[in-house]
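Alright, structures below, take your time with them.
In what comes next, chain A is part of two complexes: it sits with chain B in the first one and with chain C in the second one.
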Partner chain A sequence: MTASIDMVLIVDLVLLTLLCLTALAIMLVRHLFAVVALTGAFSLLSAGLLVTLDAVDVAFTEAAVGAGISTVLMLGTLALTKRREARSPKLSPIGLIIIFSTGATLIYATPDMPKFGAVDSPGLVHIVPSYIEGSENDIAVPNIVTAILASYRGYDTLGEVAVIFTAGMGVIILLGRRREDEYGYSEESAAFPLRPETSNDEEGKDKS
Partner chain B sequence: MRHHLVLRVVSKMLIPFILLFGLYVQFHGDFGPGGGFQAGVIFAAAFILYALVFGDDQARKVVPDKALILLVPLGLLIYALTGFAGILLGGKFLDYDVLSSDPTHGQHLGILVIELGVGITVTAVMISIFRAYAGRTKAIDKEDW
Partner chain C sequence: MVDALISHYNYWLIIILMMLGLYVVVSRGNLVKKIVGLNIFQTSVFLLYISLGKVSGGTAPILTGKPEAFSNPLPHVLILTAIVVGIATTALGLALVVRIRESYGTIEEDDILISERSQDASDINGSSA
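Here is the complex of A and B:
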């Protein structure tokens, strides 16, 4: 028993360390292509952590959306802008104070949280027992997450799908126009100028 | 991407398996981890990989924009109509018990259908968003990267 707990602890520690290192690298690296790749790695590590927490459904989503599709979308955005971040902003003392006090508050509050997986934690006593019973007897679906998402919380999921629908429609209407010249791109048809002529000059200035 | 032989061959081999895995996650969601959201994203990832490797124009031949714009609302409609079917059959909105003579079977049916709706909308929206971005840029020269 203790051996298995230690294994989980080791995996958690390794993943968290890698997560912190990735976050630091994202902060320090100025090459945006590398930053995008690192955020993909960050998502993949988060997915690993979610697997160790037995939240496989969330891990799935994190791996597919976080590491996969949003990386591709960020690369697509990168193609529209410059590859390098402008000079890094200076450290602002107010920002540092806010970040450290928030972090300290969160760490201070953590021990008050119910123990991980405790049966009597407030989140698990209210309505969850009836969900667990119901999804075994009435719905007869082994994956309780699906039973709750699709049946008990069907309204919420309908709302979520409506949100995705609305987001997709917004993007299609705003950005989804077909390209027009032989590459498919014409400056006049674009909603915003993508590659202004001055961009080369600005790059020259950055280097000097 | 005409020169990237290895990428093209590997993606061609991978894409069928990604699609198959997406279908598995979609229809096995009530027994294992997964469901419409995850399946939709995995499915979309396969199409996006295809578009990345074989080009946007080629990908538009596989799934035309017109089909995509129909699929986006179709999923939501399937979901909402399943809800109304519950009302018509004498239950409440999104009450799957009445969809079949046996309540448990009705629940299974309802979950399967609405997850399918979720999957369709998520797939179509993800591909559309990708296209909206990818369609904005010229093909990038090799030296630019």
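Here is the complex of A and C:
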């Protein structure tokens, strides 16, 4: 039993150290393509870490969304903008002051937090036992996370959908206007108001 | 001391990771890199929440019929939502970067400021002349 826990601790420590190294590399590398590739690796490592922390659903989402979709989005942005950072990284005194003061405050607060892996952590005793029981008896879904996500905290998920909708609208407003500007297109002057709006078309225009 | 180290090293490493992300956001002028830094910060907050829910000797919160100790499923649910919200903000930020690049021809903060100032100066000169 103790040996298995120690094994988990070791894997945990190694993955966290690798994550910190990846973050350092992201900070220092100037080629943005490499930065995006490192971001993908970062997400994948954090997904592995989430598995060791028993959060399999979160790990799955992180691997799909973090390592997948966000990497694709960033590569798309790089195709439309520049591939290199113009200035070499230099030490920023203000940044150092901010991170050292914030970090010191946070670390000062950690002794008040429950120990890592504590069985009697306050978060576990209040409402979680009833969720676990309910997902077995009332909802009859074996995956407790699914039961909470879709039923007990369904409104959270509704709010999430609203956020995604808003973000999607924002992206369309930001990038949709661009096409009109570029070609002097407006609804009044257009012979055919509906134009083909495929993403390939859009990328082709930008390169020309 | 050793006990404190073992029971809190996880939080400390996550805080270091968080500060690395924050430093990238504060110190780098490239807008894409700023968003990458924001992603690092976000991921470390996720890890902090999840490691708060970890129970040693526990398993993933899936009912198998056997009596088991589960890790806390509530942070998992919250972070699932947060990941999706995070990708929404990333997408919006990247769209803004593309838009800025079209208007200013650059994605470096310093260059944007320079061109803003020169534009302001020429506006003032134009109105006075």
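What to note about this one:
Throughout what follows, the second predicted complex is superposed on the first by the 166 of 208 C-alpha atoms of A that agree within 3 Å, B and C clash if a C-alpha of one lies under 4 Å from a C-alpha of the other, contacts with A are read in each partner's own complex, and residues count from 1 in each chain.
The definition used in the following text is that a residue touches a chain if its C-beta (ideal position, glycine included) is under 8 Å from a C-beta of that chain, and two chains touch if they have at least 3 such contacts.
Note that the coordinates shown come from a computational prediction; the quantities given were computed from them, not determined experimentally.
Residue by residue along chain A, chain B and chain C are tallied for touches, and C comes out ahead.
Contact with chain B, but none with chain C, is seen for A:Ala162 once the two complexes are overlaid on the shared chain. Once the two complexes are laid over each other on the shared chain, residue contacts for A:Thr102 go to chain C alone; chain B is not touched. Contact with neither chain B nor chain C is seen for A:Leu44 once the two complexes are overlaid on the shared chain. In the superposition on chain A, contact is made by A:Ser151 with chain B only, not with chain C. Residues 56-57, 61, 65, 69, 73, 76-77, 80, 142-143, 145, 149, 157, 160, 164, 167-168, 171, 174-175, 178 of chain A touch chain B in one complex and chain C in the other. Of all the residues in chain B, the ones that touch chain A in their complex are 25, 29-35, 37-38, 41-42, 44-45, 48, 52, 56-57, 65, 69, 72-73, 75-76, 79-80, 83, 93-94, 96, 103-104, 107-108, 110-111, 114-115, 117-118, 121-122, 124-126, 128-140, 145. Only residues 1, 5, 8-9, 12-13, 16-17, 19-20, 23-24, 26-27, 32, 35-36, 39, 42-43, 46, 49-50, 53-58, 61-62, 65-66, 69-70, 73-74, 76-78, 80-82, 85-87, 89, 91-92, 94-96, 98-100, 102-103, 106-107, 110-111, 113-119, 121, 123-124, 127-128, 131-132, 135-136, 142-145, 148-149, 153, 156-157, 159-160, 163-164, 166-168, 170-171, 174-175, 178 of chain A touch chain C when the two sit together in their complex.
Every residue of chain C that touches chain A in the complex is listed here, in rising order: 4, 6-24, 26-30, 32-33, 35-37, 39-40, 43, 46-47, 50-64, 69-81, 83-92, 94-99, 101-102, 106-108, 110-111. Partner chain B is touched in their complex by these residues of chain A: 33, 56-57, 60-61, 64-65, 68-69, 72-73, 76-77, 79-80, 138-143, 145-147, 149-151, 154-155, 157-158, 160-162, 164-165, 167-169, 171-172, 174-179, 183-185, 190, 194.
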